[in-house]
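Common to both upcoming complexes is chain A, partnered first by chain B, then by chain C.
Take a look at the complex of A and B:
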């Protein structure tokens, strides 16, 4: 599948998953947003040598994956974007930080190796947390959460519109590139002589499309606001979910839970 | 250049969120002031367009690799920097949520590194300055390439600073910068050329869609009033202001005379033509040796500078008017014949 086709299928798949009727999906979007940002912030705040602490933080994504019955494989696929970048940043750490900070049996482990490992784990955990949020919360609900925390309407409407038209324009880009490839077989990308006209045509069509959209919106009574997620009555789970997980995250951050657990068996 | 959550610590992330949020707040205000409801759907569709266009690979001639479009610069050249900035935030938010390109915590950094520089340095400063007196093909290429190169350099440097401040890498600062900047110089150049190609197409097809294009400057001559005003102003500045700093050392001629005769001025002859001419000059000169009579003060020097300049200007203007008068007269005579 082409890169564009893959992007379309990812968006559609996430939209379907996020709209499924699960208990986690029904939790208030703001609770999930706050919890996700809190979890990510706490995870990245661990010291670069604190490997056991970070391993303890895996409790949250692991538990939610099980509760929500989500595909772990789908989530891991998202790591293909982040991991190479993080690896580039961390791969040289073992060469610059050679101080021995840990002995695993008779094997000395340098600070650089440890910091590289923690960096990778941080990347995996934060990406998983992000996936759990988007896989259980539709974009309309995310926009509703943004409106609740007083993010300006102008911006929220733009986000919704971008999201709505991404698949439309991605499909158009796919058609254009497919047509081009069929007429120019063997070329890796678009030849420089048609850079301007190929994308420029698409741009002008998009602008005309924006005018049509505006006209349609006006006819439907657009008053500068689009419908975000429906307002629902708050349930106890909306409070309990972030509070309970928040408490677990704080505990894992303050106390060396993993080391204490290991101490029970050593 | 998207930074992942793992590459920032909460303090750096929070600071960059605050900075980006402040600029976003101003941008929302500016977009609202425009009071153009038509712009909102345009921003949405253009955001989606940039997202889709960035998925298209453009072959870089002579290499086996490909480049992409520069979003911030492109959006701002069409929507203006304020609307462009908000649209870029929307694109970055969707990229981070749906494609894990970036991260929720690092979003503030990514907005700053990519949207802020692209929209405000690239468009508000570079694009607008270059397009001030109207657009041209070479100007679009120059603005796009310069804008993309500069903003990518700034963005890459910010990534380095943010990563270093977050204590993520053990790389020495110099090594990190030396690795980041040249790569992004090449990327900026390619992105600039791709962006220029698209904007050139828009310029040829629908130039009214481009933002910040000023009206071309008229090639008209300066009017007489303006000419006199400018000349007068310059005269006052040079004569009045700079004569205060006039050298007390002898000028070239005085110096040469001094070397020959031992004195900076020629000794006056007691009689003859020279004596007669000296008498006339002494009688008519109201500012002898460029100062009030009997005055050695700086004020005297300044006043003499101003007056002298005005006299020179008056003589020049008078000569010009006379020249024009005689030329017109000559033309009339030729026309009559």
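Take a look at the complex of A and C:
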């Protein structure tokens, strides 16, 4: 499969998982959104040398991966582009902060190394939490949650359209590169001289397409507000889920749980 | 006398570049018509249909839909009465599942959720795809997409439907399927196509367009059997009528 085809099928498979009928998927999107934001905020708030504390925070993604029966390996594969990017953030820290703050056996660990590690872990945990939210919540539901917390409807509709537009753009890109490859057999990739015209083509076509889609929405009474029916009654899980996790997260933040647990075994 | 549903008078239209695309076109269609709009590529068929649903208001002349003049302030009202099926289903469908997409219009019209549910069910039944309700749009075949597109329109319970090249890219089975579904829809239909066999199977009236003008308007018998007329306008006699 071409790279573009791969990208499309990945977006689509993520969409499929988010729609599967699992318990976690059924929880109210707003509960999950609030929980995710809270988790991210707390994760980011850990001190830059607090490695054990952060390791404890991995409990949440680990548990949700299990409860929701999502494949961790799949997640890593999907995030293979994003993860390295967010992880390089702390890469220079070891050069700036050389003070030794910890001894692991005979190995001295500088503040820079430690803060690089915590930053990397923070980044990974944050991305994973976001991934879990998206993988368990269909886009319409995410938009609904945004609407409930009074994010302006124009903004929410734009989010939805961009999401749709990405697939549209990728499909056009696939069509055009396929047409190109058929007429330029044996050529590896796309010759740089035609990049400009291919990209131009792609933008024009996808603009036409986006225009049609917008027309199609309008012809069916779209007035700028996205209505997604399902106003199911709230279930206890809608409250319990964020509350329980909220409590766990607070505990992990306040008490050095990992160190305490470690203490039990030594 | 049945009701006049579409009443177009002296319609003139050109895109931004200024070349006239529709020239002084007058056309009427009533309740039970099933009109095939035929013509070679570029004749102006699609443009005509798009104008009827108000996708472009820069025309001169008049368009009246069930007595209501088409203009900016009547758009919403008129669009409730007309369903428009895009040539390319990928332009039509944009929600994630078939059911969601079919529910889109009734929800926009503010119907209560039980009514929406009913409309969705009925629309899916009409095109015989109830089993596809929870299927993702991107997993549908071309034929399924076309039927789903039609369902997204039928859930608005329109008084008339316009279809642009509905038979393009359908295999024979899906094509028969679509013909069957269309023939079950009893209201006014306008079908733009250069697939004359398809028109022969679905329409009781044919309007031939060339260079934005109506060249002929009559029964399928009259027009589709007239090889000379079709030939002069860049079309070919339907295979089913060539006597092979």
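Keep this in mind: the second predicted complex is superposed on the first by the 214 of 266 C-alpha atoms of A that agree within 3 Å, B and C clash if a C-alpha of one lies under 4 Å from a C-alpha of the other, contacts with A are read in each partner's own complex, and residues count from 1 in each chain.
By our rule, a residue touches a chain if its C-beta (ideal position, glycine included) is under 8 Å from a C-beta of that chain, and two chains touch if they have at least 3 such contacts.
Keep in mind that what you see is a predicted model, and the values were worked out from it rather than measured.
Q: So, does A:123 touch the first partner chain B, the second partner chain C, both, or neither?
A: A:123 contacts chain B only, not chain C.
Q: Just checking: does A:164 make contact with chain B only, chain C only, both, or neither of them? Give me first, second, both or neither.
A: both
Q: Now for A:72: first (chain B), second (chain C), both, or neither, which partner does it touch?
A: Touch partners of A:72: none, neither chain B nor chain C.
Q: Between chain B and chain C, whom does A:213 touch in the aligned arrangement: first, second, both, or neither?
A: both
Q: Scan A:255 for contacts with chain B and chain C and give back first, second, both or neither.
A: neither
Q: A:192 in the overlay: touching chain B, chain C, both, or neither? Say first, second, both or neither.
A: Touch partner of A:192: chain B, not chain C.
Q: One more residue to check, A:239. First (chain B), second (chain C), both or neither?
A: Neither partner.
Q: Going by the touch definition up top, name the partner, chain B or chain C, that contacts more of chain A.
A: Of chain B and chain C, the partner in contact with more residues of chain A is B.
Q: By the touch definition at the top of the document, which applies to A:222: first (chain B), second (chain C), both, or neither?
A: The answer is both, since A:222 touches chain B and chain C.
Q: Enumerate the residues of chain A that count as touching chain B in its complex and touching chain C in the other.
A: Shared contact residues on chain A (touching chain B in one complex, chain C in the other): 139, 164, 168, 209, 213, 217, 222.
Q: Touching residues of chain C toward chain A in the complex: what are they?
A: Contact set of chain C toward chain A: 53, 55, 76, 79-80, 83-84, 86, 88, 90-97, 100, 103-105, 107-109, 113, 116, 136, 138, 152-153, 156.
Q: Inside the complex, what are the residues of chain B that reach chain A?
A: On the chain B side, the touching residues are 2, 4-10, 13, 24-25, 28, 31-32, 37-38, 40-49, 51-53, 55-61, 64, 66, 69, 78, 86-87, 89-91, 93-94, 96-101, 103-105, 163, 167-172, 193-194, 197-198, 200-202, 205-206, 209.
Q: Spell out the residues on chain A that touch chain C in their complex, using ranges where they run on.
A: Residue positions touching the partner: 12, 15-16, 19, 138-140, 164, 167-168, 171, 209, 212-213, 215-223, 227-231.
Q: Under the stated contact criterion, what part of chain A meets chain B in this complex?
A: Touch residues, chain A against chain B: 3-4, 7, 10-11, 14, 36-37, 40-41, 43-45, 48, 78-79, 81-82, 85-86, 89-90, 92-93, 95-97, 112, 115, 119-120, 122-123, 126-127, 130-131, 133-134, 139, 142, 152, 154-155, 157-166, 168-170, 172-173, 176-177, 187-192, 195-204, 206-207, 209-211, 213-214, 217, 222, 224.
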